[in-house]
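Read through the structures below before going on.
Each of the next two complexes has chain A plus one more chain, namely chain B in the first and chain C in the second.
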Partner chain A sequence: MRGLLRSRLFWAAVLVLAVAAVLPLGVSGYVLGLLTLAYYFGVFAMAWDLLFGFAGEVNFGPTFLVGLGAYGAGILNSETGLPIPVCVLFGAALAVAGGLLLAVPALRLSGPYFGLTTLVAVLLLQQMVTVFAKYSGGEIGLTIPDVLSISDITNYYIALGFMAISGLVLFGLSRSALGLILQACGQDPVEAQALGFNVAKHKLAAFCVSALFSGLAGAMLVFYLGTASPGTVIDIAVGVQVIIAAVLGGRRTILGAAVGAAVLIVAGEVLRPLGQLSTFIVSAVALLAILLMPSGLLGVLMRQRS
Partner chain B sequence: MKALLQVSGLVKRFGGLVAVGGMAFDIAPGEILGLIGPNGSGKSTVMKLIMGIERPDAGSVRIGGVDVAGWPSHRVARQGVGLVFQHSRPLHRQTVLENIKLALLPDALLRLFADSDVEERARAIARRVGLGAVLDRRPGTLPFADLRRLELAKAIGRDPKVVLVDEPFAGLTSGEVGAFSDLIAGFRAEGRAVLLVDHNVKGVAALVDRVLAMYLGEPIAEGTAEQVMRDPQVRRVYLGGAIETASRPALAAKSGPPLLAVEGVDVLYGKAQALEGVSLRVREGEFVSVVGLNGAGKTTLFNAISGLVPYAGRIAWEGQPLAGRSAAAIARGGIVQCPESRELFGAMSVRENLDLGGSHLTKGERARLLGWMFELFPILKSRQAQHAATLSGGEQQMLAIARALMMQPRLLILDEPTLGLAPVILEQLSRALETLRTTTPITVLLGEQNVTFALPHADRVYVLEHARIVWEGDPVRFAQEAGAAYL
Partner chain C sequence: MLGLQILIDGFAISALYGLGAIGFTLLFGVSGVLNLAHGGILLVSAVVAWLLADQVGAYGGAAAGLLAGMAMAFATFLLVVRPIQRSPAIPSEEKEIFVLTGTLLWGIMIQEAVAYFTTTSPHTVRPLIAGVTVLGGVRTPTNEILTAVLCWTAIGLLWLLVNRTRAGKALLAASINPRGLTLLGFELQRIYLLVWAIYGVLAGTAGVLLGAFLGVSSENAGTLTASAFSIVVLGGLGSVAGSLLAAYAVGYLETITAYLISPSLRTVPSLLLLVVVVYLRPQGLLGRR
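For the complex of A and B:
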């Protein structure tokens, strides 16, 4: 805990959050809506960074976990009308269960094979949504009866609070004793084993935590948007965006992933008038940024100050 | 006293190769057993089998009576076994202190915050092994000996009853070997059972209670160090003869610029000065040794010549400055470095690594060189299809040297080529260098702290100390004037 309080990054994050908290006083509902989306996205990216940056496993299918959370919560709500918190928890639990089902066999594989399995899982989930269109709404999407709130400002604060708590937990975890063990498992599993650490157990735990936050965020996002569709929560392209956000913001920093997500979402919106071209520009700039500063935005910032 | 570690009938096969074929030995608490044998005889494999990194095909490994053969290594570790790997494998993104702390953490998911004494214990261990001054550095910036210290520190951190130490002395100077010996003797005093592997025969003999020699996966001799070293088979397959000084004809002094001229070169790593005003010259056909303790700057000097680190000052090759040329261009120009870190293509076979080295040669020429390499290092011939990463430490070193020779360099830079080689191979390598000298126009720049290897071949010697050249002269004068710290 003391380590956390001594970390400069932590205090910088507190400052940024404080600014974000007073934003609703000065900006339009449109901007708030955009940022709300960015905050959920930030949680996807942070959860992904825990798995890749620390446990060293590339999950090419973050949207498998996000999608399970989103559709789990959405379908439960539309079928049973259970209250939102119950549905959100159910979605998160489904993401963890699905994640476990995938990770237990997949983590036995080494190197790129784990990544490939996660990619295939996304395609599978997308197929399932189409096949069970009766419950899921298929390609068109699922309309969800309940919403978190109709007020932009309330929605904004919910998302901000959720991101802050997720960030605190994930960042704290990454800086804890467990984070150190996880890094060891990722960097040199043979050595970690010889030091007495059960590598499979620790990687699986990291995967569960990553799944939990991805699922929670997916479920909350659905209740913010009021709909769930493959194009917003499952599509491979969404997953790629999550990955770009994390890498752009700075691998192995957790908080950088949230920064990357905000930059990516806001940039996409600013350039929207350019139509198709905007996606191209954002992707090209992100690619350049990754090539020129592989340690990411946050990585560069931290190096300059130290 | 009852043995802490009991190994019997241990067998490990890799495909058709029997790496370990029926090893058996006991080690009592407070006893050090030395395990010696030529490169590739299976010593590291025995350690990996005990540790559970490889699964034995047969046999038992008892730790305090419990058979742990075939257990995953994290369970073996918790049963009280620690391994100091032959190659240092620190976490590069963490500091020295964090690396040591890691070894002190329990394998628990729910203990998020380390016990408050972990930090203090980690610092104490660091002081014990001599890392107290570099706690906040990252491993990548540490000199070689400190990396080895870090490995020992991690082993101490787990408080193992049985300690397996793989080549702790490799690449260390005699002073450092002394310090490490004291640390390992400390394990004995604490009642741990120690299995020690090393090619530094003198260092091993001085430390151990008993020696076991192995060859081709099987035990060939056991007893006191003296008895084993006298064994005729051990002498033949492992120790070999002494390295001889060849009488060298004086080089005809050629006029014109030297082949390589290094003038006033400075290299900074952050704030640390790795080289300071270093100047040296190498003439065509010369054999020049740069002698220096670990951390003196030898590798940095070679990396500067090869264009791998930025420097201030001037480095000229045949009179032309090398500054601004890429590392690849420098290598094509004929300067080939065989780095300390070996840099093999681990996923490629031995043969592919060699062919890559000789890719610019004609077919006939390549075959001729390859034949010579196999004559030099016969074991490589039988391992042509094996992945380089799975070779034993010494076999990798042989492959690295062979690959460099396949490139037919005009200037061959050998950085610590003796690292991890058995005495008998050193003798072979020594003869090979002599053949090279007399039959080809090759020029050699050798970096070593092992002067018994560096001196016999050298025409001239430079001594590098704390980033500076402090002495220059011929090998005979070296012993009288500068050798005290190295001999």
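For the complex of A and C:
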């Protein structure tokens, strides 16, 4: 904890959060809505970075976990009408359970094979949503009776608070002894094992934490949007965006992932007047960023300071 | 009758899947690159063939599509993959994920550019041969037979190239032990250029034939990459024979499901097969570890 308070990154993040917290005084509801989305997205990217940057496992299916959380919460709410917090917790639990089911056999595999299994999981989940359209709403999406709030500002603060807490937990975890062990397991599993650490157990724990936050964020997002559809929470394109956000912001920094997500979402919106070309330009800029500064936005900033 | 129809349709579609996937697997086997812009390259060759078929005829269009596939393959290598492989700022154990992310972004750029110029509606390349042939009582488009024949010709030529020529043997050696090959005085960069050229020809051919057989739309690029990816994983990364076997397994499973159960569930059984194989035999049907 003391290390956390002394790290410059932590105080920089506090400063950014403080600015974000007074933002609703000055900007329109449209910008707030955009940022709300970006904050949930930031949590997806941070959870992904814990798994990739620290445990060294490439999860191509972040949206498998997000989708489980989102649909778990959404379906429970629309079928039973239970209150939102119960549904969110159920969604998160479902994501962790699904994550375990995926990770226990998949972690026996290494390198690209693990990534492939996670990719296939997303494709399967997408098919399941279509097959069980009676409950899930199919391709069109599921409409959820309850929403978090109808006020832009309340929604904004909920998302900001949620991202801050998730960021604190994930960042703290990455700077703790567990984070170091994870990093060792990711970089040299044989040596980590020789030092007496149970590599599989630590990676599994990282996967569960990642699943927990992805699921929570997915479930909250559903209650913010009021709908869940494969196009917004499961599609591979969404997962790709999560990965791009994390790499663009700076891998192995956790907080960088949130920065990358915000940049990506805001850039997509700013370029919207260009119509179809906006996605092209965002991808091109992200590609250039990866080629020219592979340590990401935050990585470059940190190197200049030190 | 239905059985024979499934047999013929399944054979043609599987041959096409096989051709689409072996370039991808060859690239991984020789240079360790998983090219996630694969679908984009197939898409460009199909769209070029479609655009030019009106002006220069079906054959001219097909040739142009093939050239476009090659050009895109080289562009992918020179603009995206090689800069990442050579970048000193990226640690070597992370090159793989950077190549994946880079080619993914490149694929999205290709897809969006194609969508911008030709819209997202599906295009069907004019078939090389028109007409219908009756095979054992089943009416089959002649172009479908031609597709299967051309796919197998290309696969056969690849086999000859890899097993019977000096350059091909160097490719094979690079997939087994690149360091040993450099010690023998071979320039690895040249071998990489060669494998990307072969990949370009294979992807270009597959793209044109796919465009004539099923039609393509810019929204398909991701799906095309994903199906090539799953076939390659099913067969074993880097194994050409495995990819062909897997292409047939997937092609027939899909055709049987589409005819006998429901076209909407077409991809489900092959995905389930993929999951089972990845769990029980992660190196794939014929892969090495």
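Simple rule for what comes next: the second predicted complex is superposed on the first by the 306 of 306 C-alpha atoms of A that agree within 3 Å, B and C clash if a C-alpha of one lies under 4 Å from a C-alpha of the other, contacts with A are read in each partner's own complex, and residues count from 1 in each chain.
Quick note on the criterion: a contact is a pair of C-beta atoms (placed from the backbone, for glycine too) under 8 Å apart; a residue touches a chain by one contact, two chains touch by 3 or more.
Here the structure is a predicted model, which means the values were calculated and not measured.
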*Mind checking chain B and chain C on superposed chain A, clash or fit?*
clash
*chain B versus chain C as contact partner of A:Leu119, first or second or both or neither*: second
*What is the contact status of A:Ala177 with respect to chain B (first) and chain C (second): first, second, both, or neither?*
first
*Which partner does A:Gln187 reach: the first (chain B), the second (chain C), both, or neither?*
both
*Touching A:Leu15, do we find chain B (first), chain C (second), both, or neither?*
neither
*asked:* Of the two partners chain B and chain C, which one touches more residues belonging to chain A?
replied: C
*Once the shared chain is lined up, is A:His202 touching chain B (first), chain C (second), both, or neither of them?*
first
*Does chain B (first) or chain C (second) touch A:Pro105, or do both, or does neither?*
second
*asked:* Let me test your reading of the model: by the given contact rule, A:Val247 touches which partner, first (chain B), second (chain C), both or neither?
replied: second
*Once the shared chain is lined up, is A:Ile140 touching chain B (first), chain C (second), both, or neither of them?*
neither
*Taking the two structures together, which residues of chain A meet both chain B and chain C?*
187
_Complex contacts: residues of chain A adjacent to chain B_ = 1, 172-173, 176-178, 180-181, 183-184, 187-188, 190-199, 201-202, 205, 252
*asked:* Per the contact definition, I'd like the list of chain A residues that touch chain C in the complex.
replied: 52, 58, 105, 108-109, 111-113, 115-117, 119-121, 123-124, 127, 130-131, 187, 236-237, 240, 243-244, 247, 251, 276-277, 279-280, 283-284, 286-287, 290-291, 293-295
*Can you list the chain C residues touching chain A in their complex?*
34, 80, 83-84, 87, 89-90, 93-94, 96-98, 100-102, 104-106, 108-109, 112-113, 115-116, 222, 226, 229-230, 233, 237, 264-265, 267-268, 271-272, 274-275, 278-279, 282-283
_Please output the residues of chain B touching chain A within their complex, sorted ascending._
51-53, 72-74, 77-78, 82-83, 85, 89, 91-94, 98, 101-103, 105, 107, 109, 111-114, 118, 154, 158
